[in-house]
Amino acid sequence: MIRIKYHTPGTAPATLVAKANPNAGPPTLTLIQYDSETIFEGTFDTFEELMERFDPAKVNWINVEGLSDVGLLRKFSERFHIHPLALEDVLNTSQRPKVEHYTDHYFIVSEMIYQDEQSRVTVEQLSVFLGDCYVITLQEEAEHDVFDPVRARLRGGRGYARKMKADYLTYALLDATVDQFFPILESVGESIEEIEDELLSKPTKETLKSLYQSKRLLLQLRRAAWPQREIFNTLIRDDTGLIGKETQVFLRDCYDHSTQIIDILESFRDLAAGLMDVYLSSLGLRTNEIMRVLTVISAVFIPLTFIAGVYGMNFDRADPWNMPELSWPYGYPLCLAFMATVATSMLILFKRKRWL
Amino acid sequence: MIRIKYHTPGTAPATLVAKANPNAGPPTLTLIQYDSETIFEGTFDTFEELMERFDPAKVNWINVEGLSDVGLLRKFSERFHIHPLALEDVLNTSQRPKVEHYTDHYFIVSEMIYQDEQSRVTVEQLSVFLGDCYVITLQEEAEHDVFDPVRARLRGGRGYARKMKADYLTYALLDATVDQFFPILESVGESIEEIEDELLSKPTKETLKSLYQSKRLLLQLRRAAWPQREIFNTLIRDDTGLIGKETQVFLRDCYDHSTQIIDILESFRDLAAGLMDVYLSSLGLRTNEIMRVLTVISAVFIPLTFIAGVYGMNFDRADPWNMPELSWPYGYPLCLAFMATVATSMLILFKRKRWL
Amino acid sequence: MIRIKYHTPGTAPATLVAKANPNAGPPTLTLIQYDSETIFEGTFDTFEELMERFDPAKVNWINVEGLSDVGLLRKFSERFHIHPLALEDVLNTSQRPKVEHYTDHYFIVSEMIYQDEQSRVTVEQLSVFLGDCYVITLQEEAEHDVFDPVRARLRGGRGYARKMKADYLTYALLDATVDQFFPILESVGESIEEIEDELLSKPTKETLKSLYQSKRLLLQLRRAAWPQREIFNTLIRDDTGLIGKETQVFLRDCYDHSTQIIDILESFRDLAAGLMDVYLSSLGLRTNEIMRVLTVISAVFIPLTFIAGVYGMNFDRADPWNMPELSWPYGYPLCLAFMATVATSMLILFKRKRWL
Amino acid sequence: MIRIKYHTPGTAPATLVAKANPNAGPPTLTLIQYDSETIFEGTFDTFEELMERFDPAKVNWINVEGLSDVGLLRKFSERFHIHPLALEDVLNTSQRPKVEHYTDHYFIVSEMIYQDEQSRVTVEQLSVFLGDCYVITLQEEAEHDVFDPVRARLRGGRGYARKMKADYLTYALLDATVDQFFPILESVGESIEEIEDELLSKPTKETLKSLYQSKRLLLQLRRAAWPQREIFNTLIRDDTGLIGKETQVFLRDCYDHSTQIIDILESFRDLAAGLMDVYLSSLGLRTNEIMRVLTVISAVFIPLTFIAGVYGMNFDRADPWNMPELSWPYGYPLCLAFMATVATSMLILFKRKRWL
Amino acid sequence: MIRIKYHTPGTAPATLVAKANPNAGPPTLTLIQYDSETIFEGTFDTFEELMERFDPAKVNWINVEGLSDVGLLRKFSERFHIHPLALEDVLNTSQRPKVEHYTDHYFIVSEMIYQDEQSRVTVEQLSVFLGDCYVITLQEEAEHDVFDPVRARLRGGRGYARKMKADYLTYALLDATVDQFFPILESVGESIEEIEDELLSKPTKETLKSLYQSKRLLLQLRRAAWPQREIFNTLIRDDTGLIGKETQVFLRDCYDHSTQIIDILESFRDLAAGLMDVYLSSLGLRTNEIMRVLTVISAVFIPLTFIAGVYGMNFDRADPWNMPELSWPYGYPLCLAFMATVATSMLILFKRKRWL
């Protein structure tokens, strides 16, 4: 539901402990290095090999998938002057999205939210370090990320991608994470509409459950969306020189998308809250209807049964005062007629009360 | 319900893909060109023909209906220095209303909300580019827009319309979109009053449904109204020179109208929320009443039926202890009298409890 | 409920159309002209006659009741430099209270809320133009206004009224509209207390209805009170010279009253919202109680009726296994005793469950 | 509930009308005059006698209890330059707590909230005028105030009290009013806990009533607490010289206490709101349980009664097809066994559904 | 629930009264004194002994556990220039967390929230005085604190702990209190998930109770978390020189953690609020289901019982009009068949209504 990862209370600040899945293999280290003319892609086994290839004249995108190797992170920390607290945030992968400025780089914590193959919504922390000539991305898991289209654009050399600097690459990566919200929102929207239809026709426990789950998912998305917008707001106002004017226009676009996402999320929340009321009302309406049927049937038959009961009594008919009706020649038809009259009156009464 | 149009996640930013209805024909290109003395109106087949006619000394209102031709939009982009991201927003027609300032023009995204012939509320994105001598409007669909009165005023040459610049035309167009809210609000108000009457007389599933739909419509209007007010707020504070002092007074009027719309919307939301409570209470009250009828009938007749049952038992009356009442001379009338007493007592009791 | 008056969408801005009741006669034009020594009161037929009497050396209070004569308003507009948009707001009498500053005057839209003879709450728009030597007030209807005490004070020459300028007169008029809230609030408070008592004793549909109506009235008052406070806030901070220092102290008092009104309104809203919950709970409690009565009666008599039914069966008593109880010498008393035992046990059980 | 005292709408501003209880005697005038060495206490009959004793070199605390003598107030107004509007606020004793700065003094309206002997919460307006050498306090009623401990400290000469100026005395008085909130909050907290226990065991109409009353009391406290904090906030930022640096540290403490009070109030509100939900749920749960009992009893006995009814029918057993069971040797025991089977099956079924 | 500790209303400000448990022994006085090379730890009996050891050249952490000795606190107050109001706040241990700056030190009130052995959440006030060379911590109770890991780090001399000043020690202590929130939040999250499961399967009074308790706990945590974040916000912006640049980076980390805690708390609140709705709906659904069973059984058997009742009547069959059916050769089977038909029709009807 809500992931809470934290170091044991009392641990020294900036203590680095790998929280990753113990079964996870060693992290994968990949480098995409490009300028407007050339592009190099490679996977490395060690940090040292990677650093040999590192070239400050180009844009270096170093991608680390898997956070199990604390030693490796320490090397990054030394080489790129990463503050131990930032490194700690990379490892405690349930951080709130945020952006922090350190002397020569930005540290950005964002959330990749995407639907996996079973269309379950998955959250994975993405840590980004943006320096003047490099972008370091650290992902929790190796299996999946949302950056393949960015890689394809870099390889293809189309659009702005290759002509611009590390700041634009960072934008492209963040934009890719923001774009993931839309298909999820779309499917939430669809499921809310389905729930709405069900609620008004036949509300069941399953409908209640899926409504509650939609609300929970919206809550989760909200927790990611609001701080993510703050990130863009901060980056747009950047005055450190790390982010160029041209890229800021693109980041403003991201900011607008974030605002739109938040807007839709809030609308969905309102709709989902409204549906809970509809659910309760719908149940009340059904209870009402059921009660009405019960009451009508009871009100019609209970008096009749009573009459039948009376003429089933065994008073001694020797005495002329005792149950003389039983001896009337047309007693039985009269009795039936009386019963019919009572029943009909009742039904007319209920008809008037609009209970039928 | 809530339109979510987005490019496939990972698409390069500023990628232009026509989202329009594939059956839609080519876009219509119309130009209205005027100054205080002359006015020209024409429809063009190609961008080039249009541009030949374009005259920077006059106000040029270029209206594009239908967004299926990406090539055409690219030509606009080149000629009027429109940023690719703005163009992307034109095509992804579920943008949040906003205004952005680019070097020599404003880019405004607004929403035309109007009731069509079947009085359904329809939303259509309107994109406006305001330069010093031109206004470019881009609409999603060709069938309907809300600008005919503006056109009529331009043709008639009455009022301010023809004497003023492109900024005033933009104001007139935006004002026309804002004015559309009022008749919609009026009909929402009426339907809320109808629902209220129904709720207090006979709440049904249909009432619940139309209440929920009103709430949803209000949500949709709200999502358009709040950012629209922000647009006017930004334009009033304009310091780029694109919007004249005189037009700002008119925009302030639009801002006031937007505020009034938001005010009414929030009041309606409150009323609609209150009605949901009334609905639940009304249901509760009915259930109550139904239960009361059932209980009174049961409480009166069940004891009577029991008494009748007792005297229907077949104990052997040979023994004097067994059911001597049955042999009493006035057993039956006494029994009936007893039953009447029981029933009357019950009714008096319920009367006292105010259940009748 | 919520008045929505608007010009037909697309109408040119600042179009003047009289919205007034067509049966309404021509507007009444009255002038009260005074300085600390003299006072003149008169009613005029035409604008021209009025203007002849107008004297910039004194305070001129021109009161127009009824808005049916657009021509008259145009004359005001020309003489006092009133912006066409302001004039439009005067006519579209469902404006949000506001204050706007034009070159040489303030334009204030306020709401007169008062209880008429049938103690129904009535809302009427009041438009005020405050210049250096004049106050023009425009009211929707001629029948009723709340300014008689102000007139009396002017005539009497008591207090500050006559010694001060047009700004103080404006304050006095606005203060009179604000003061009207208090008796209305008082009666709302009383009706909320009544509803509360009813809710806890015997909640009916009527209670629900009057609760909902109180909520709606509060909503309406709120819509007037909040922007009205904003008016005072703006006037207090006036730096145009139209409002003197001394009058600002009085306006601060109005501001305080507005704050107090809003405070009370919000408290009432909270109370009314709480009452809706009380209503639902009260209903739930009654349903509960009714159910309990039904259940106790059913639970006591249904088993007894079953026993009576058993001994009413007609099994052939020739066989010694068939219903031997019926032939027992004390069968009937034993049967009755058994029934009494069953009933008593049930009652004890319910007593223990605290259902009785 | 919520006190609304106001002058008749239309009354001239700053009109002074005594609102006090007509039976109230004349106001009490007391003076406590002190410096670090001497202290004088006295009660005076007339304003003039009091003024003779007034000594600007010392701190003069003039306390007026009872507001029935408008003439007296006018004398204060003249002597201490009190603005008529301030005087009006003193008399209309349902003002919102506020602080206003006039040329040479502060005017503070606060609320004394205290529990009287019957531990009912009582609200009384306290008006304070703080000049450089005097503090004038005006109370609504003579019977009770919360300042006895302050008087005792002044007399005792302990602590800061005597060494400091009028500003510190004002602090001490306001602090005394703030401190009154805590015991009230404590008793509200206790009553909320009691209600909570009752709700979960046996919710009745009385519980509902006291819950609603707690909510109303919290609302009342809130209306006093929020503006009271504003008073301290204003006084802390004082730059008029009327309040010394040293006293500001003490006022900051008052501000903290006010914040704490608001904090607790908001928590209580949340708790009380939550309890209303618990109440509704608790009722629903009980209804549920009652229904289950009714349903189980009905479901077990109604079919049995039907069977008994069948064998009570009087079909002519001469025909072998008619009710042959009645003549079976073991018909009755078989019938009873069948009934037992039906009842047991029903009970098992309900057991499985967890209704038992 | 909510602790309200306050001095008796009217007590002189800055009156010091020990609120501690009267059975509590004398407070424990411990000193940890260190610089990067040496560390000294000791427990002292008197303030004077402690002060002899005090060394301004090193960092002195004085920890006082237990607040029963007012005399001791007075000595601290004199030696370290602690304002009497601050000392009062130390003793009234239900303060809102806050930070205040006095001439040469910060006074911080925080809350230690931790789970005790029985995993009950316990709140204890922690008061901290941070000067240039000392940190004084005052705790309510001696039994438990959350600082053992900090002590261990100081002893070990690892990490930054020993190299840095008193400001860093304060950070470390506050960080330790913040870290305590996470395990509590985790267990709240787990209990919310449990409640959710129960609600959808079998909602009972116990579930309701624990849901309400979770809400109350969240409320309590919230009251601590929000002001605690304010503390960090203030310390980060410190410009008094008491907090070094380097420590501010660490405090920013604390601020982030606080934000994350608040974020999670708000999400939990939303979830818990949603669960209350689920609870009500779940109950409604069950009531519905129970009612349906009751209605179906009643609707099937009540008419049948009536028919049986009719043929149990004792009309005199001598007359041919009276109950001829009873004498029909196949009367009984026909009657049973008719009953079966009625019952089957009813069941089919209910099946169609989807009540089965």
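The letters A, B, C, D and E name the chains in turn, as written, and every chain counts its residues from 1.
The rule is simple: a contact is a pair of C-beta atoms (placed from the backbone, for glycine too) under 8 Å apart; a residue touches a chain by one contact, two chains touch by 3 or more.
Keep in mind that this is a model prediction, so the values were computed, not measured.
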Interface sides of chain A and chain E: same vs different residues, half threshold: different
Rotation in the CA alignment of chain B with chain E, degrees, nearest 5: 145
Mean-CA-position distance for chain E and chain C (Å): 41
Chain D-chain E separation of Cα centroids, rounded to whole Å: 25
Where chain E touches two or more other chains, by residue: 280, 284, 287, 291, 294, 298, 302, 305, 309, 312-314, 323
Ring of chains, enumerated from chain A in the sense that reaches chain E first: A, E, D, C, B
Parts of chain A lying in touch with chain E, wherever the complex brings them together: 1-2, 4, 6-7, 9-15, 83, 85, 88-89, 94-96, 98, 100, 202-205, 208-209, 212, 215-216, 219-220, 223, 276, 279-280, 283-284, 286-287, 290-291, 293-294, 297-298, 301-302, 304-305, 308-309, 311-314, 323, 325-333, 335-336
Interface residues, chain C side, partner chain D - complex: 146-150, 153, 158-161, 171-172, 175-176, 179-180, 182-183, 185-186, 189, 192-193, 196, 200, 249-250, 252-253, 256, 259-260, 263-264, 267-268, 270-271, 274-275, 277-278, 280-282, 284-285, 287-288, 291-292, 294-295, 298-299, 302-303, 305-306, 309-310, 312-316, 319, 321-323, 354-355
